[in-house]
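The chains carry the letters A, B, C and D, assigned in the order they are written, with residues numbered from 1 in each.
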């Protein structure tokens, strides 16, 4: 399927644990910054899609005060209350109909300063059971997933240290990331405290403030706006059961289903051979190989070897999260779009210290829910 | 239909640390100490906002051009309240209105006093009645009254 | 230009009252007799605990409630070193075990506290049994924890 | 762009104040079951799902995750949409773009609200909680007792300002609000999926309900309702294969303005009764649908009216009649089910308001009228060829418009 929609540009904040701003100011600065970069005004934008979360913003209909600062005053705007990569998918559909030439996507999360990120998952949980039994939270659920994954393939906890060390050293090279740790090593990761075994603090994402806007454009319009359009080649999304007790937490069927949809559109039959770089929303170290397997980028059971060999490093055969991924920063709602932005930087050859050698096709992943219940996959190409 | 049991949950807004824009609002509050109202004007389209946001909604640019707006204006719409915010009946009906102050493009909401409900009409001229003692609080403005 | 922000505090939480629906209601009612109920899918035959309305894989409505054994196998666990309350993380007084237990006769895993075994010694595969509160009232917390069988 | 048709609708068996027998997802599943029963489709036929409600009324974040099995969604794409009062139609429009883009063939739109589990007043207050707290700290009297910030009679305050401004522009009176409210409660009495029903309502009986904040009375205000609505749409090819009767989507549109009514931290620049987004969205929809004369072309109209005056106000904003004409159409009986402009034959939002469903119900009611399947006697007397559905929400500033026809749109 020829989607014929491209990323014309994006603008993101360097992530922080305390971004001293307001939702409105950040939104205004993000969109006006992008308009300036592209030499356009808000009148050049056909439609707007916002991805924020009311429970994190502390407001009902949290987009009502964002329409004007993003530039949507007296314009068409809608809101996808999920990870921002889903909003990108919706914006892309709107352009695909031919009704709009351009679409601006906004997503941000203020879970560094304003609100605890762990409430996000608390409010997702079944209030008639999980919230009453009070056993599960985001971190304990992630730990159960980590244990399930490690046990299934007989990996030791050191695999998590290895993954986190790789991600955090990548993140230290990327000015957009929050966690900038010097001299990161497996030992240093292992020296961080257990939260829920086997997860240690540095295996988990940090509470983060950050935001991003992305402008999508139809093929022709994109070529007018930029010399370096990055094309959306495929996209897919899917969902798993709610109760973690009903799921095999060592695999992610919904990621596999989402990837299949995206790969079918993009004409990818051999992801390991055809994908050059992957940016995955792995909120916890264990999720990176788990999701990479579901994306068809890693063979099941080989994670320990592959990570030890350096194949997933920036200069490896299949770099995974060369930006450092969400272990570097996770502004909830914006994270999937940050992955997209990092992939676009790679495909444009603008990733500086994080640049991988060959980057023509990238896979980008976003997630929502307890233990990545819902997953979205987008394939980008030059 | 068989009734099932009820359990509780909460959205813990008390744990939030909110930041909201304060400059335009503060500008107005400060000016009120002198029984004046200050807002911002968009340098591009000329729209005057009071209290002002930091940007113009129409032109999508930062604005910082301070202007004073009049404390006289026109009733654009009004309502006569018979119940309080909880829906409890009020002892006496209470008139409140939206006013477009002269020299300002945004509307104010406030109590309309010193007039019988039956005599209120859209388009009537009103002015702000200021408190004698003003401290830079919304309480500095006692009510709108007929001009 | 220096920007100033207001930092309002909201003095209260928003509260809600949820109806648990018929599946959780039946599950809890059985607690009064110290029984654990699951529900069987007429399509794939799998038994889910706690019971819920649909089998996602078969898209079939479930109404065949079955009583499950009080014993099962610890399939997965985590040792908690922290607690999270209202989103805030703090250190736990002492490490504690959260387990996922496959009750005999069930196909899904039930999440529960595991006690009677030290966090340093717990391992998957051990047999565990339900430990109830002395006085059961049909409440979520009646099923207090699981302990080695 | 591909043509899209509505092939089926499913409601919960009742829309009432309190569903104490079911949990949230159990209630939603009833509407999903009804949609499958009504269409003969099964979950295998559905390619993707869009899902909407206003979650802060129930305190459940992204409730489609909890209800994934209940909405029969496993393995499928599910997109969650939330835009306030417009949510239902926003979710519908998202579904429309799923199909029109060519990405999916059959899409199910799922919406609900279970208001009894939360406090709707508090949920609405949630829109501006931090601002209200800041205003309190700056001396505002939120009870409206004195000074600035008299929002009028509580939650109806902003709405009362809108109603008064509208009446003034239109030259209408409170008796017309009474009249339209009565008409809709009578219509609701013939709709099995309506909440507040009164077959004997008249302007006089409505006028006996107490004033909240003039010109708004209790009898003009919507209830809070528990209920769910599901709608299934398909591409032209699939729709023809799967359904005997199809209501075709001719256009969707949507517009937002500023959101400052009720927030005194920033001034608002639009009259709450101006509703410019409605004018813009309608114009866009008419252009897309090839509607040349909105005054004559629609056989059925469904307006989002949380408050009764809005039926009249939005008819004018939508260009169905001139400013000042709506109340005359009401007086002449033209808005009744057997009139020239049957409006809210369903009873409207003022009779039934499970918020997430309310804007979708405007679309589904138009679709059922086109299909000739409106139940309980609320089918209009004439053949329905074209229908207009309207949604309203946000902090008084979102408007969605959807136009349906009895044949696929050409060109």
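The rule we apply is simple: a residue touches a chain if its C-beta (ideal position, glycine included) is under 8 Å from a C-beta of that chain, and two chains touch if they have at least 3 such contacts.
Values in this document were obtained by computation on a predicted structure and should not be read as measured data.
Among the remaining chains, those touching chain B and also chain D are A, C.
Among the pairs A-C and B-C, the greater number of C-beta contacts is found at A-C. With centres taken as mean Cα positions, chain C sits 30 Å from chain A.
The geometric centre of chain B is 49 Å away from that of chain C, both derived from CA atoms.
Between chain A and chain B the centroid-to-centroid distance comes to 41 Å (mean Cα coordinates, whole Å). Counting only residues that touch two or more partner chains, chain B has 2-4, 6-7, 9-13, 15-22, 25, 53-54, 57. In chain A, the residues that touch at least two other chains are 20, 22, 25, 55, 58, 68, 73, 115-116, 119, 123, 127-128, 132, 241. Residue positions of chain D touching 2 or more other chains: 19-23, 56, 59, 68-69, 74, 123, 126, 129-131, 133-134, 258.
If touching chains are joined by edges, the resulting network of the protein chains shown connects every chain directly with every other.
By the touch criterion given at the top, residues 20-22, 24-25, 28, 31-32, 35, 41-42, 55, 58, 68-69, 71, 73, 113-116, 119, 123, 127-128, 131-132 of chain A touch chain B in their complex. Of all the residues in chain D, the ones that touch chain C in their complex are 19-26, 29, 42-43, 56, 58-59, 68-70, 72, 74, 116-119, 122-123, 126, 129-131, 133-134, 136-137. The touching residues of chain D, counted against chain B in their complex, run 19-23, 56, 59, 126, 129-131, 133-135, 138-155, 157, 160-165, 168, 210-216, 258, 260, 264-269, 271-273.
For chain C in complex with chain B, the residues that touch the partner chain are 1, 3-22, 24-25, 28, 86-88. Partner chain D is touched in their complex by these residues of chain A: 1, 53-55, 58-61, 63-65, 67-68, 72-82, 86, 89-90, 92-94, 96-99, 120, 123-128, 236-242, 253-254, 257-258, 261, 368-370, 373-374.
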